[in-house]
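Letters A, B, C and D mark the chains as written, and numbering starts fresh at 1 in each.
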Amino acid sequence: MEQTIIDTANHLAGYAAKAARVKVVAAYPITPQTTVVEKIAEFVENGEMDAEYIRVESEHSAMAACISAAATGVRTFTATSSHGLALMHEALHWASGSRLPIVMTVVNRAMGAPWSIWPDFSDSLSQRDTGWIQFYCASNQEVFDTVLQAYKLCENEQVFLPAMVCLEGFILSHTYTPAKIPSQEKIDSFLPPYKSGWSLDVDHPVSHANLVAPDWFMEFRYSIQEAMENAKRLIPEIDRDYGKRFGFEYGGLVEKYRCEDADLVLFTMGTMGSDAKIAVDKMRKEGLKVGSARIRVFRPFPMEEIRKLIGNAQMFATIDRHISFGMEGFLATEIKSSLLGQKDTPKVAGFIAGLGGRDVSSETIEKIAKKSLKWMDTGKVEEETVWVDLRK
Amino acid sequence: MLREIRIHGRGGQGSVTAAELLAHAAFIEGKSVQAFPYFGAERRGAPVKAFARVSDEPILLHSQVYSPDYVIVLDPMIYKVVDVTEGLKKDGIVILNTVKKPREIGLKNCRVASVDATGIALELNLLVAGSPVVNTSILGAFAKATGEIKLENVLKVINETWSGAAGEKNAKAAELAYERLIKGWEDSA
Amino acid sequence: MSKVPKSRKDLPLTPLSYPTFGSMGKTGSWRTFRPEVDYSKCTKCTICWVYCPDAAITRQNDDSPKIDYDYCKGCGICANECPVKAIKMRREEE
Amino acid sequence: MTTLKELPKEEYLLKGHAACAGCGPSIGLRLLFKALGNKVIMAVPACCTTVIQGPYPFTSAGVPLQNVLFETTGAAASGIVAALHARKLEGITVVGWAGDGGTVDIGIQALSGAAERGTDFIYICYDNEAYGNTGMQRSGSTPYGAWTTTTPLGKGERKKDMPSIMAAHRIPYVATACTSYPIDFVNKLRKAKSIKGTKYIHLLAPCPTGWRYDTSKTVELGRLAVQTGLWALFEIENGKFTLNSPSDRLVDKTKRKPVGEYLKLQERFRGLTEEKLQMIQSWVDEDWVRYSKQCV
């Protein structure tokens, strides 16, 4: 039956894996993700969750175990952070190339050196090219719901790709808020039993992923691109369906807030998307037409949605909790590339904020917005990329 | 002027070394050169290909060789399983290591030359891990059949690559192949 | 059976290969020497069969060896191991 | 005791595969299926077998074979075993089949993890004593003094003793085998199949391309490796060490052939000095003193 609990996003990810009837979990600890796999260990050990729990000896092996388990016909789950995700990099490519619908919770944490256990998106965004779908969440409830939506999406035969459900370390992972857990039968009706595109079966032997020569390799790569395009179409549909069934939906690819008549649209990711609403409401009261758009899905990148948001906006401001050294934040880059060649293209100001766990409060966002509005009026973006609150 | 050469052989027969030595010989004669294998999972015994380019101007090409001027076939059996004339330019020359005479080989719309390089290797006891070395002597045959490189430069490159007895034996094999090469288009017998 | 793709729509979801004889083609073309069995000497001990890396020797009903020259690579292990020297390696004629 | 004629005739390594002529590991792979049948799922990392099975869309492997990442054979096997258990599918043998590099070097962590977890599978390291698929570079399993493309003057260190490392995991079954002794290898595979938990078999598999000898000598060389005592056939079953025939008769030094008889047939040992050869002989003799003590 349905219940409301007060718990952390990490634990809710564990609840979601249980609700999704995951059959194989590969577990390896890394702050701040650890309590996800600890929660699942509890469920498995007390019999609440009928799953095989593999206590692997590294994140690289965690993903390798998930790949082989998924290839042997079961729903799989794992979770990691930061350097653990980076260690998986080789296996991430192998998983998407194998077209296996693995869902992984990534509890975002800065990349070193030096050590930092605090959140930013440098870990997951460094993996944007690995063929994994990437969701970014702004609340504990969204984490729970998105894990279930991800399985539904990834196991669709037009997709068959793995997905990351990203949530910021500590801000969500270790923060207790109320969240609703729907009844198991309603979840079961939403999420049917696991179905894979292929599997290792002694009655139908195949070799998977042996050498592919230049004559067919590009075509296999293209089919992954097609799957990403299908995912872009299916994500909003699945989100709406989920909303009808359980009362929670998140705008599909992009969660838009008061953008319809906005002169300035703030582009955010993760929890800053929710703080941005406070800043938007405050500025709206001051008569400033500001809106915010939270990019919920970074891969496949919602290019068409970005273009629809142009409307009569003259300025876009992107807030990246990430930096690609030697250039800018990826969100800025991909928003700008989406605008190329469009009619009445707004100016774009890029802001880097919150690296290594620094707060991106609604005041910070308001400051960002006010600077952008000034540049909108003067008609000139004086600084292509601004590092917010950078110490002198 | 650009000349492109394709070399057919078996894994372990030294097709790539043949391409490299051929290019080296042409380089000594002041040409721009390039030599490269076909990148695949070579296996000892499996059919493989290697390529060389020789030109008066600097070579900027990096693609595969699709229409060679000359083809060298190191192994007597390969032309039965692989189309060694694929893409060959009109009157291109195919040089085969075989005991057969050119017209007995039955390759169409191309000029064929042949020499028993394996026989020469066995004659000179020129072996590596038990198998006859043909990738040096065939260059002597190539010089004779095409005139693109001189025999003296083939011998020079061989002696620079192998010292002492090995150098001598390989050079001797190249000379014998040069002498014994039969040009199908001249041979009236 | 193998599914040789002709166009993109023939492709599987991800590269899946089906068991086939000759995944590298007729590897018999690789050899320079071929093994030949002198059945008058053969004692049907099946040693040649067990040691063939290419499974190119089949055990017939009477356990005598039958070499499949489409696939034998001419490595010579069978000839080397035959306890009664019933297998000779002869140079492949052209 | 199995005899050659009892071995099944079915072949699950299909002819026309891409192995070099005279390939020792391919003999091993054929024997694997003769021992285990075809209710087998294999995890194969980057190694010679990756190419031997042939390119898409064909494979010469007659059982489900998942090509996995170089370091991950142990972890992949854990995933397969877990999934089969979750699906309550019985009677399927999960096999990790990897080369020496993929086992003693890059794959040792995942293998150690799987063994420490007691994953129920058979791991076979087919050992051609170098990275064969990339053209014979030195691995931790290359023997002392051997030429490889990355040790032109001969390897300076001794071969990593992988069986002892695996035995230290207290797994129920560790064994060594050699492709020249098919019945011994098949018996060990069948015994491994009957045991629950992680089973490790280290299979010496001579390689003409890499060891530089005539392709017809693959079986002869494997035999000599055992007869000289350089490669001992033994089992460690729940910690109990036993030598297998013919190694059980070689504790007596006079029964062992001098190592030179084995080494001189291989061009990879051509540069071996007399002094190094004696050192290798002394190490072998030391090993056998150790084996004899473990036998009691």
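Throughout what follows, contacts are C-beta pairs under 8 Å (C-beta built on N, C-alpha and C of every residue); 3 or more make two chains touch, one makes a residue touch a chain.
Predicted model, so just to flag it, every value in this text is computed and none were measured.
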Next item on the list: Find the most central chain, measuring centrality by the gap between its CA centroid and the centroid of all protein CA atoms shown.
Entry: D
Next item on the list: Return the chain pair with more inter-chain C-beta contacts, choosing between B-C and C-D.
Entry: C-D
Next item on the list: Quick one: report the Å distance separating subunit B from subunit C, using the average Cα coordinate of each chain.
Entry: 30
Check: In whole angstrom, what separates the CA-based centres of subunit C and subunit D?
Finding: 23
Notebook entry, point to check: Cα centroid separation between subunit A and subunit D, in whole Å?
Noted result: 44
Next item on the list: State, to the nearest whole Å, the distance from the C-alpha centre of subunit B to the C-alpha centre of subunit D.
Entry: 39
Margin query: Going by the contact rule already set, what residues in subunit A reach two or more other chains?
Written below: 205-213, 216
Notebook entry, point to check: Where in subunit B do residues touch two or more other chains at once?
Noted result: 41, 43, 45-46
Item checked: Shared interface positions of subunit C, touching two or more other chains -> 5, 15-19, 24-27, 30-31, 73
Item checked: Set of all touching chain pairs, with the criterion as stated earlier -> A-C, A-D, B-C, B-D, C-D
Item checked: Footprint of subunit C on subunit D - complex, ascending -> 4-5, 7, 9, 11, 13-19, 21-24, 26-27, 30-31, 53-62, 182, 208, 214-220
Check: For subunit A, which residues are in contact with subunit D within the complex?
Finding: 23-24, 26, 50-52, 54-58, 60-62, 64-74, 76, 90-91, 94, 200-202, 204-213, 216
Item checked: Parts of subunit A lying in touch with subunit C, wherever the complex brings them together -> 97-99, 160, 197-198, 205-210, 212, 216, 219-220, 222-223
Next item on the list: Give every residue of subunit C touching subunit B within the complex, in rising order.
Entry: 24-27, 29-32, 73, 92, 94
Notebook entry, point to check: Mind pulling up the subunit C residues that touch subunit D in the complex?
Noted result: 2-5, 15-27, 30-31, 45-47, 49-56, 58-59, 63, 68, 70-71, 73-77, 79-81, 89
